[in-house]
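One structure follows; several queries about it will come next.
The chains carry the letters A, B, C, D and E, assigned in the order they are written, with residues numbered from 1 in each.
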Amino acid sequence: MRRFLRLLARPETGALVAALVIFVFFLLVAPSFRSLAAFCTVLYQSSTIGIVAVGVGLLMIGGEFDLSAGVITISAGLVNSMFCWYLGVNLWAGALLSLAFCLAVGFLNGWLVMRTGIPSFLITLGTFFVLQGANLGVTKLVTGSVSSRDISAIDGFASLRKVFAWSFPLGDATVWITVLWWALFVVVAAWTLQRARIGNWIYAVGGSASSARAVGVPVVRTKIGLFMTVSFLGWFVGMHLLYRFNTLQAGNGVGNEFLYIIAAVVGGTLLTGGFGNAFGVAIGAFIFGTTSLGIVYAGWDPNWFKAFLGVMLLLAVLVNTYVKRLSSSPAAFASVADPPAPALAASGKESRRD
Amino acid sequence: MRRFLRLLARPETGALVAALVIFVFFLLVAPSFRSLAAFCTVLYQSSTIGIVAVGVGLLMIGGEFDLSAGVITISAGLVNSMFCWYLGVNLWAGALLSLAFCLAVGFLNGWLVMRTGIPSFLITLGTFFVLQGANLGVTKLVTGSVSSRDISAIDGFASLRKVFAWSFPLGDATVWITVLWWALFVVVAAWTLQRARIGNWIYAVGGSASSARAVGVPVVRTKIGLFMTVSFLGWFVGMHLLYRFNTLQAGNGVGNEFLYIIAAVVGGTLLTGGFGNAFGVAIGAFIFGTTSLGIVYAGWDPNWFKAFLGVMLLLAVLVNTYVKRLSSSPAAFASVADPPAPALAASGKESRRD
Amino acid sequence: KDDTKTDSDSGGGNAAGSSGYTVAFVTHETPGDAFWDKVRAGAEQAAKDTGVSLKYSNDPDATKQAQLIQSAVDAKVNGIATTLVTPDALAGAVKSATTAGIPVVGLNAGIDQYQQLGALMYFGSDESLAGTSLGKRIAGQGVKHPLCVIHQTGSVSLEARCAGVKSAVPGTENIQVNGADDSAVTTTLQAKLAQDKSIDYIVALNAQVALDAINAKQQASSQAKLATFDLNTDIAKKIKDGSVEFAIDQQPYVQGYMSVTSLYLYLKNGNDIGGGKPVLTGPSFVDSANIEKILPFTEKNTR
Amino acid sequence: MTDTLADHADRGLRRGEPLVELAGVGKSYGPISALRDVDLRVAAGEVTCVLGDNGAGKSTLIKIISGLHPHSAGTLTVDGVARSFGSPREALDLGIATVYQDLAVVPLMEVWRNFFLGSELVSGRYPLAGMRIRDMRRIADEELRKMGIAVSDINQPIGTLSGGQRQCVAIARAVYFGARVLILDEPTAALGVKQSGVVLKYIAAARDAGLGVVFITHNPQHAYLVGDHFVILKLGAAVLDARRGEVTLAELTTQMAGGDELAELARELDRPS
Amino acid sequence: MTDTLADHADRGLRRGEPLVELAGVGKSYGPISALRDVDLRVAAGEVTCVLGDNGAGKSTLIKIISGLHPHSAGTLTVDGVARSFGSPREALDLGIATVYQDLAVVPLMEVWRNFFLGSELVSGRYPLAGMRIRDMRRIADEELRKMGIAVSDINQPIGTLSGGQRQCVAIARAVYFGARVLILDEPTAALGVKQSGVVLKYIAAARDAGLGVVFITHNPQHAYLVGDHFVILKLGAAVLDARRGEVTLAELTTQMAGGDELAELARELDRPS
């Protein structure tokens, strides 16, 4: 019993229960959802959102936003694809170049935010627009159309596909390697947050940057590192898209930055920073993936798609909140017992933690 | 001189200078921008964003988000249009019904946020999806297509158009009444923030909801009122769209919620709440309008449109920040003198105020 | 074989699913687009007429569209109709359908690649062909500098149309507008018309943008003429009163109707429509000459 | 300063009548029980001192009286009516004003706005009536000067004031708006000797004007200077509840420190002065 | 507690050698000049008390020493090398640990995480090395117990602690990590009599271990109990700078309060005890 209560007290339990509720719901209403194949498709779909969402979640815990996280996936793929297609060099060279490019963008985001003191929302909004424009402009310049050329014939394709877009059958289902990568990234992020020194710093810079600085946390380096983590994961998903689909549409990726943020927030990350959890973010991505595909499996009228999505998301968040309040975890002390909760008043920060 | 310094010290001065820089820049590079007609077009474009942005700005100062602010404009128009078209009643009745509907949505947003303690980002994300789905679903159900029917033949059209979508010529330019309405809303909002009691409360609930509550500010009522203000202004713009274009596409309006937030933040509103200014938000909308049309007037390559937009926005924000730092206004104390600024450490909140 | 028949569809014609077949219909529609609304109307009518139960889904993002096809395969539908606007991106998903023994029919886009991808039949026009024929027609009127209005950034099909126009009229210029906001479309076009007075023609790529273009022309007192892709009641009226010269129509209703019907016939009888060749549903011109005949159909959402 | 207090004090107060009474009050935060079975009586014209170790539950106790937290057990009676406050506004409306330990100021707002927050002076009753900003600035400045604090600019964000200056704003505000009951949670903690003196005089003035005062402090001297009634909390429960005559300063200090005492400490630290 | 201090203290400290020296230091925040031409010398094995009214500039002074703000005039010398700290990390690396008046804790983080924030114990030198969480929990708990504070759960967010408990965490942390210089900004403000005593003993122990201590307080008794050297600030400038022998407690109190004094206040408040 105590163990059970302990479990209930973990911050991600609420999100987990919510995910289960949504999942069981679709099992009940959508017959075609009841198959391993469907489950694997949902997992795959969740992983493509979830990988970047892990980084975005860490960044948000660290108190910053990255609106360029969606388009950078496409930029990453385009850099690799066009560089190699134009010069005919091995794709591995392009992939590394693209990695360097993405890390540079992440560094620039972070550096500008810290250097100018302009909110990251604005800085990365700028990057978002610039990348979006450059994706289209450069692609048209190089290939003359709005999509990159098929690169499957270029050297290195097979090995890169193995790394980024491999899949294997499991019964009648297909398991994509991104799901495994996703799991890995989540575990690393969770370890980092809970057990590594850097995790402590991430919570601190998001919870109160000035206090963190006062006790000697390297705020600037931590935040820049977070931005670079996001763009690294963006690069990773970009590589997957490129090596799974061979070509990329220059206009794609827009709007995904939003999905990452949604996944993080549904998973219990505080928008104002300082609170959250990597498993929560992963569950948030899974909830989003389940819902958006579940509606399709259930065959509901697509005109109402968004309405269903909205209702299901609210439902998930409500379940999450309710479970958290039930469990009297430390996290729940400061929660919404008497709305608007005045607890943690000393912090000068809204006391909503869920 | 002292007067000048005083002026420089006003928080919106930075945004104003940035707007001027951008405006003069386009005057220089785009010959066709140098006309009254172009200026009026820019003003009109800015007003359609700016009207809702004023409300969104107030709401953000009050520490909350509203992602449903974009689609609610279309919902407002659709309710009015379809109700009257289906029942054949006077359009004024529909407009009032639509107003009631929008206020109800705003109230619901606010009430849910305060009642459940779930972040407004998630609640209004839910509303956003639901409205988006309902717009499409209901329109399809009622009219059989994805756009509302032309209502220009129904009673009351002429008078409503006078109110919401009137325009008059000024030389070779056209002035739209929305520009005047915009000015009015901005002035009222500025008065409210600076001089009315409610303004004090708005800053307080955004700056520290728990402290505000402790000294007796009606936090719940203030926040719900802000959500209703946003949906009122959304209704207003919806009316304009309906009576200017006669029909509405059920899928439109998506993405605009983002533009309102951008306008508010470019105009100096703090994303985390508690700081900002109505004139600033108006200038933010104007900067966005000028930039997005200025690029067209300049005839730059449309493939790179977004890239230009991003660069110009960053430029505006940089100028804004720089001017604020020059002026040693109280607002600048806590600004980014030594990044990352440790000032206002006691507040536990990031000390960036610009 | 049929385990998904439980889904019910609204009545009319044969009982839904009475034929025992389930067809998934996957498009790259951006929600709320009038064009796709007609495609869907056609598909639904065909489903009713043939007693097929229809599962419509859509996503403008190619990778997510591939996902939708994949989920149709997971759901073990009997046939899939899909647009092939980004053939390379969809190849994998289509292949997994064909290896699972599910027949695939292409529509709307992908005329050159559908066979290679393994689709059985194709109903639609060709975006760049449609663009070219529009271009040729206005080139014939001596148009030098048309403006092609792209209302969705980076859309492959819209870019293909404009490229088609440009291939016939080299002076074609593209512009990007925010299609989700009529006032933004209007002001952007207004600004463009003021910036470049030599624009003598506007090519809109959907009906609503065409209506906004009329507004913008008035505001900018421009003499440019206007043509549009796709049709709706309002545009039909504007063609009648002359403010729109003509519309180029690829009969979306037919695309939807035929895709479903052909799958039904294939599943039931093994029929093959088009004899191994694509079936063209357009482009056809709607102008003052034939508008009287077409106008009533637009009101029924079938043209 | 006394004039301000007397001006704002409720005229109907009669010395000795009970204003606030707590009986068997308890409060728990989740599994942590911060307060158990506490009785307290705040009478008009009397100063009730609440003393106790860190974490004893003093702040929790006054948060219940001021409406910030609802209590989870027992009864709270104000003017003879049993109540459970839903928000601090309700307490304020009954004339109960509080200085919170964490001050409850909004760092980004100007000093004068913070001073009047929640009780703004307006020039009319309609919703968007203008505030009497000039008056508000003037009054805030005056009240602070009375405490010996001259902030260089009454328009600067309160977050830029020194710790003691912020404390003074919170005290001046409560004194200005408290009409029946004044609650002070460690008001002198961050204050200099002079300012502390001013606060003690305020407390005496409030008492003389007939207000009921609850005064929390760690300084037994301060408490003994003004208190009529002493309550010592330990781990959430009251361990001493005595009137002034029943206890000496030395006893009080011993009780608070659990045997320790400054003099003893001096001996222990043992330095020639 | 003394063992901790002695354990962590730098072995190379020699009593009386200057650790930190300020000469003509000034600081302005925008148009507000908070500090003007201040000299200060912190020597090993000595306690320097900084006293003064609210807003006098005490916190500003120590923020300069601890690297939180750069000074705008004068020189800051640490161990004989002139410096201008870019961040508090640099000061920490020189063994200067600080208790800030506004505490510098992260409210949402657990108590033990706050205790070790910025100086975590790790089990290896590679980037993602695990922290020695068990040790960190144990040490944080022990150090707090030594101050007489037993938090019910070392894992609770520090924002849920009482004001005094939070203060104790900040003090325990600085004492634990301070190797050469210990700076305390009103550490006893929110503390009970017992805890205050513990802090004073800490200060004495730090001095005895050879550390240089800067102690800011409003309590002249506390200052006089441990101080070797007294600096009084007034409106940003030093008005008194005396060694222990040169000034008596009474003089100090008079200087601080500007003539006022507790005894006098008692007379003024005038109540029979």
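By our rule, contacts are C-beta pairs under 8 Å (C-beta built on N, C-alpha and C of every residue); 3 or more make two chains touch, one makes a residue touch a chain.
Molecules present, by chain and UniProt name: A, B = Xylose transport system permease protein XylH; D, E = ABC transporter ATP-binding protein.
Just so we're clear, the structure is a prediction, and the values are computed from it rather than from any experiment.
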Count the smallest number of chain-to-chain hops linking subunit C with subunit E, moving only between touching chains.
2
Based on the averaged CA atom positions, which chain is farthest from subunit A?
D
Do subunit A and subunit B face each other with the same patch, meaning over half of the contact numbers show up on both, or with different patches?
same
Can you pull out the chain pair that has more C-beta pairs in contact than any other?
A-B
Report the inter-chain centroid distance for subunit B and subunit E in whole angstrom, where each centroid is the mean of the CA atoms.
48
Mean-CA-position distance for subunit C and subunit A (Å)
33
Can you check how far apart subunit B and subunit C are, centre to centre, with Cα atoms defining each centre and the answer in Å?
34
Could you state the distance in Å from the CA-based centre of subunit A to that of subunit E?
42
Where subunit C touches two or more other chains at once, by residue number
31, 153
For subunit B, what residues touch not just one other chain but two or more?
132, 136, 140, 207-208, 210-211, 213-214, 270, 303, 305-306, 330, 333, 342-349
Would you please write down the residue numbers of subunit D that are in contact with two or more other chains?
29, 32, 68, 100, 102, 104, 106-107, 153, 156, 160, 163
In the complex, go through subunit C and note every residue touching subunit A.
3-4, 6-7, 31, 55-58, 61-63, 66-68, 70-71, 73-76, 86, 88-89, 91-92, 96, 152-156, 159, 163
Interfacial residue positions of subunit C with respect to subunit B in the complex
30-34, 37, 150, 153, 174-176, 178-184, 187-188, 190-192, 194-196, 208, 211-212, 215, 219-220, 232, 234, 301
Quick check on the complex: what are the subunit A residues that touch subunit B?
63, 65, 114-119, 121-123, 125-134, 136-137, 140, 207-211, 213-214, 219-220, 262, 265-266, 270-272, 301, 303-311, 313-314, 317-318, 321, 335-336, 339-352, 354
List the residues on subunit D that touch subunit B in their complex, please.
66, 68, 87-89, 92-93, 98, 100, 103-110, 113, 116-120, 122, 127-131, 133, 153, 155-157, 159-160, 163, 166, 173
Please give the residue numbers of subunit B that touch subunit C in the complex, ascending.
30, 32, 35, 37-38, 41-42, 44-45, 48, 132, 135-136, 140, 144-147, 150, 174, 240-241, 244-245, 247-256, 292-293, 296-299, 302-303, 305-306
